[in-house]
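What follows is a pair of complexes built around chain A, which joins chain B in one and chain C in the other.
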Partner chain A sequence: MKRNNVIFTLGAFLVLLAGFFAPSIVTNPFYFFAGYVVVQYIVIATGWNVLGGYAGYINFGAAAFFGSGVYLSAFLFNTFGVPLWIGIIAAAALGALLGLAMGYLTLQIQGVYFAIATLGLVIVLETIVHNLPGLGGARGMAVYGPAPPAWSGGPVQYVFFVILIIAVACVALARWIEHSWIGRGLRAVRASEDAAECSGVPTLKLKLVACSISGAMLAAAGAPYPFYTNFIEPVTAFSLLIGLNAIAMPLIGGTRSWAGPIIGAIVLASAQQIATVTISSELNILFVGVVLIAFVALAPNGLLGLAKRKSAGASK
Partner chain B sequence: MTTRRQFNKLATLGTLGLAAPTILSSKAFAADKPIKIGASVSLTGPLASTRAGEIGYELWRDDVNAAGGLLGRKVEFVIYDDQSSASNVPAIYSKLVDVDKVDVLISPYGANLSAPLMPFIKQRNLFMVGMFALAGNDRARSDKYFHACPWGPDSMLGWPRGFFDIAKSINAKRIAIINSDLEFSSSAAQGGNQIAKEYGMEVVMNQSYPPNTSDFSAILRNINNVAPDAVFVCSYPADSAAIIRGVKEIGINDSVQIFGGSMIGPQYGSLLGSLGEDLNGLVNITTFVPAPTLESPGIERFFERYTPIAIKEKLDPLGFYIPPFYYVAGQIIEAGIKGSQSVDTAKMAQYLHSHAIDTIVGKVAFNDIGDWTKRRTLMIQVQNVKGNDINQFREPGKQVILSPEELKSGNLITPYNAARKAS
Partner chain C sequence: MTAALSLRNIEKSFGVFKALGPVDLDLNPNERLGIIGPNGAGKTTLINCITGVLRPDNGTVHFMGNDISHLLPHERARLGIARSFQIPRPFIGMSVLENLLVPLDYKHNVHNKEQRALELLQSVGLENRAHDPSGSLSQLELRKLELARALASDPKVLIADEAMAGLSDAEIDEVLAILMRLNRSGVAIVMIEHIMHAVMRFSQRVVCFDTGQLIAAGTANDIANNELVQKVYFGEQTHH
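Showing the complex of A and B:
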């Protein structure tokens, strides 16, 4: 375990180092634009997986948390000139609070009812934003960010590095949860909530922790988004596609391990990015749909599950 | 065994091979390469009905290439599907600029998809033609942005102004404003409120409704209760159809002189056909209708070629609202390149700022932020429509132009109830 921790820390450090020096090696900004989306989805998928994968509570409302992070950081910047870093922390705090509220409100209901309730949260928040002129309402809000620091190489390179730091932090946190008593407790909740409760596992407390951490990660993923697009509007910020991808990515990669959402996000988000600029028609969406169905049908435990099955088969 | 001569040959060929991309992409060789125009079109998603515009790009490209290209170079489009989502726009346009190396850009459709691009084109000093975004360049104020659509200067107020000018001309004092809770219609309603104030009119009802509302009976009954002189409706296609059908079912107060203004939907062939004679009397905004005052050889030739393609591809068979202006976008680029005899975007922009240009929708001049110097949106009234035959809308006299004055092709029929029955 200790050895694994050292390898993980080293890996995380190398990823950040690569992200820091990337602008001087990769001069074409397009790769940062496309890369941002992929890394953003790593954060979203990892955040979703804390509740959906570890605890087995399917959350369709990832867009609600993401959108609230988007709007809070944009509002703080436009109104008070609050820097992005504080915006991210504020967004994570708001996401955690929303997650806690969702936990209290809906953790008493399970299964499909929980999923529908989380979907309702997206619609509620989107409607609120639509009706708040201070947040631009339906017309949206332009966010002209400050000039990026000189070392960053440009605005898109800067937000890419920021989202990379968030991703590394979220993955490290998810990995810690997975290996800690929280992860063990959540696995017990997923296996059988009643049995876990009877065995003395503090299920409600664990679920609230999972909801809050998941919400914080999803909202933090949204915080740099206004500085990436320079314009936000409720339909995109609360898009159901975000919620759909948040579920699909861990499913493709594997929901049992912290690495699953990373693999799923890289595979699916890259495929979507490539398809957007290559296939470029209705076939694009069909392609993504077919890939999704193929993964769910052929690898129900994700790519990691498939790899494990293969290695188990080979060792027999 | 490789001899020294063979080695030297290999080394020379290898060096040439490595250097070829740099040499061939240098300015001396650029003259042979096509001029690339980059754009995104909403081929899928909620804005997919705007994809008919792509035919406008293709017709213009074919015309220019048939005439020998621009400065002797062929013209080529690089187009991606933005899926009607603003979140796809930054990466697509970076791909166009940084990977595909296009020479000029055309924006996606509308304000929400164009807005993410504005800081990008300003920071990178890029040339872009704007498509249908109200006040698209008001904040960024790029000097290399030119609008292909006729919103005119101060477009937030220009868009609703035509309707209120007509209301003022018939001495309407009490206005009801209803709008969908979405970007474009909210902006139009806000503009309408400002103009009503400016014209000394009283807004007796101001109600927004959530998107996807399909039953307007309560709203229409409220309108009937307040008995306004004019009803300014800012709606999207599905609600526009539901409102027109609601008026047919519930009826409207005889006090209402004019009804409509900013209803998106009755510009498209699909809704004109499905609503047919129920549209009679509607006063609404549009960009082009068949009328003697708008006839030109260019526009006729455009529709002669557009219609068969659109029918074959199952797109808007009439194509009045959007497609001609996609052709105009190409003509703006053409005028800039030909006028400045260069693909240097600074020279192109300089030329376009200082010269009026000819397009298939008439002469166009640009102000300092690329808006048309004169608003040329049309306020029309639907008249004399019988049944649901879509082809009748190809004839003049079915959508008569009331404003602007110089393009007027018919007279307003009031009150709205009388206009609804007149056919």
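Showing the complex of A and C:
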């Protein structure tokens, strides 16, 4: 376990180092432009998995948290000139609060009803933003960020590095949760809530913690987005595709371990980026749907589950 | 002497269907109490009211003299009320050992959790399955895991809800031996069971429920010869 921690820390450090020096090696900004989306989805998938994977509560409302993060950081910057890193922290705080509120209201209901309630949250928030002139309403809002620091190599390279830091932080937190008493308690909740409760696990409290952490990560994923696109509007910030991807990616990679969402996000988001460039951006959604159905039917435990089964089969 | 558990006037309805009550029942410290009765008599509802999984519509539950009626199930579990489930509910996706680490994680003052978990597994004879996935256990092993997990919280009261259903005679003896050993170590045990020879052999006192009411109480002998019990329960059994 200790050795694994060292390897993980070293790996995380190497990823950040690579991200820092990448602009001086890779000159084409498109790779940072496409890479941003992939890394952003690592954060979203990891955040979703804390509640959906560990505790087994399927949240269809990832876009509600993501969109709140997008709008909060854009609003704070445009109105008060608040720097991005404070915007990220503020977005995480808002996401945690929103998660807590959603948890309080919906955790009493299980299964499909919980999923429907979370989907409702997206529509409510999108409608609110649509009708707030202060946030640009349906016309959207332009966000012109400050000039990026000189070491970063350009605005796209800069936001790419920022989202990479968020991703490393979120994955590290998710990994810690997974191996701690919180993760064990959440997995017990997923297996049987009554049995967990009767074993002394405060299931409601634990689920609220998971909701908050998950919400914080999902909202933090949205915070740098305005500086990536320079323009935001409600339909893309609260897009159904975000919620769909948030579910599909952990399912494809494997929901039981922190590595699953990363693998799923890299595979699916890269494929989507390639499909967008080579085929059409609309086929994207069809692509996610087909891949999702295939995995649910053929590999319900994701790529990691598949690999485990293969190695177990080989050793027999 | 303060009763380990003391139920007063407990009632529970589901819609218009009155599942339980009103029931008064005491459990003495270190007692072995058997609860019998036909299906639908309210036995599992009673346990759910004791462990807090269900809120009774009426009445109070006292544990060691303290009113615990308002406590949540996990709080009652930590105080020392443990249960096993009628249909085993292992934490699938975890190893047998991890299944026991869950209750130990949420209990205060446990120093070496893995060591304690292994001891618990040893006490039910599951130590050689510690690192296997809990989904791979046999029916008997699942029952033992349920008991070991219930014991992790160092309970003062253990409620075994049909812990022996579906087991062979030899396996029943094995589970009974575990429960007897526990009782000798100071745990009061409530056994809910349809397997008559087991519950009659085990219990110092037996109570019989029918349609949510306590209809008879006494020693195993008294109950076996009670006409009302014979009519509602044994009569039903002989038809099978």
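Things worth noting here:
One rule holds for everything that comes next: the second predicted complex is superposed on the first by the 307 of 316 C-alpha atoms of A that agree within 3 Å, B and C clash if a C-alpha of one lies under 4 Å from a C-alpha of the other, contacts with A are read in each partner's own complex, and residues count from 1 in each chain.
To be clear about the criterion, a residue touches a chain if its C-beta (ideal position, glycine included) is under 8 Å from a C-beta of that chain, and two chains touch if they have at least 3 such contacts.
Since we're looking at a predicted model, the values are computed, not measured.
When both complexes are overlaid on chain A, the residue A:G137 reaches chain B alone and has no touch with chain C. Look at A:F21: by the touch rule set out above, it reaches neither chain B nor chain C. Legend: residue contacts after superposition of the two complexes on their common chain; A:F80 is shown touching neither chain B nor chain C. Looking at the shared chain after the overlay, A:C198 reaches chain C, while chain B stays out of its contact range. By the touch criterion defined above, A:R256 reaches chain C but does not reach chain B. In the superposition on chain A, A:T276 makes contact with chain B only, not with chain C. Chain B meets chain A in the complex at residues 43-44, 79-81, 83, 85-92, 94-95, 97-99, 111-112, 115-116, 118-120, 123, 139, 181-183, 185-187, 210. Of all the residues in chain A, the ones that touch chain B in their complex are 28-30, 33-34, 36-37, 127, 130-131, 137-140, 142, 144, 155-156, 225, 228-231, 233, 235-236, 239, 241, 273, 276-277, 280-282, 284-285.
Residues 181, 184-185, 187-188, 190-192, 194-204, 256 of chain A touch chain C in their complex. Every residue of chain C that touches chain A in the complex is listed here, in rising order: 51, 53, 72-74, 77-78, 82-83, 85, 89-94, 98, 101-103, 105-107, 149-150, 152-153.
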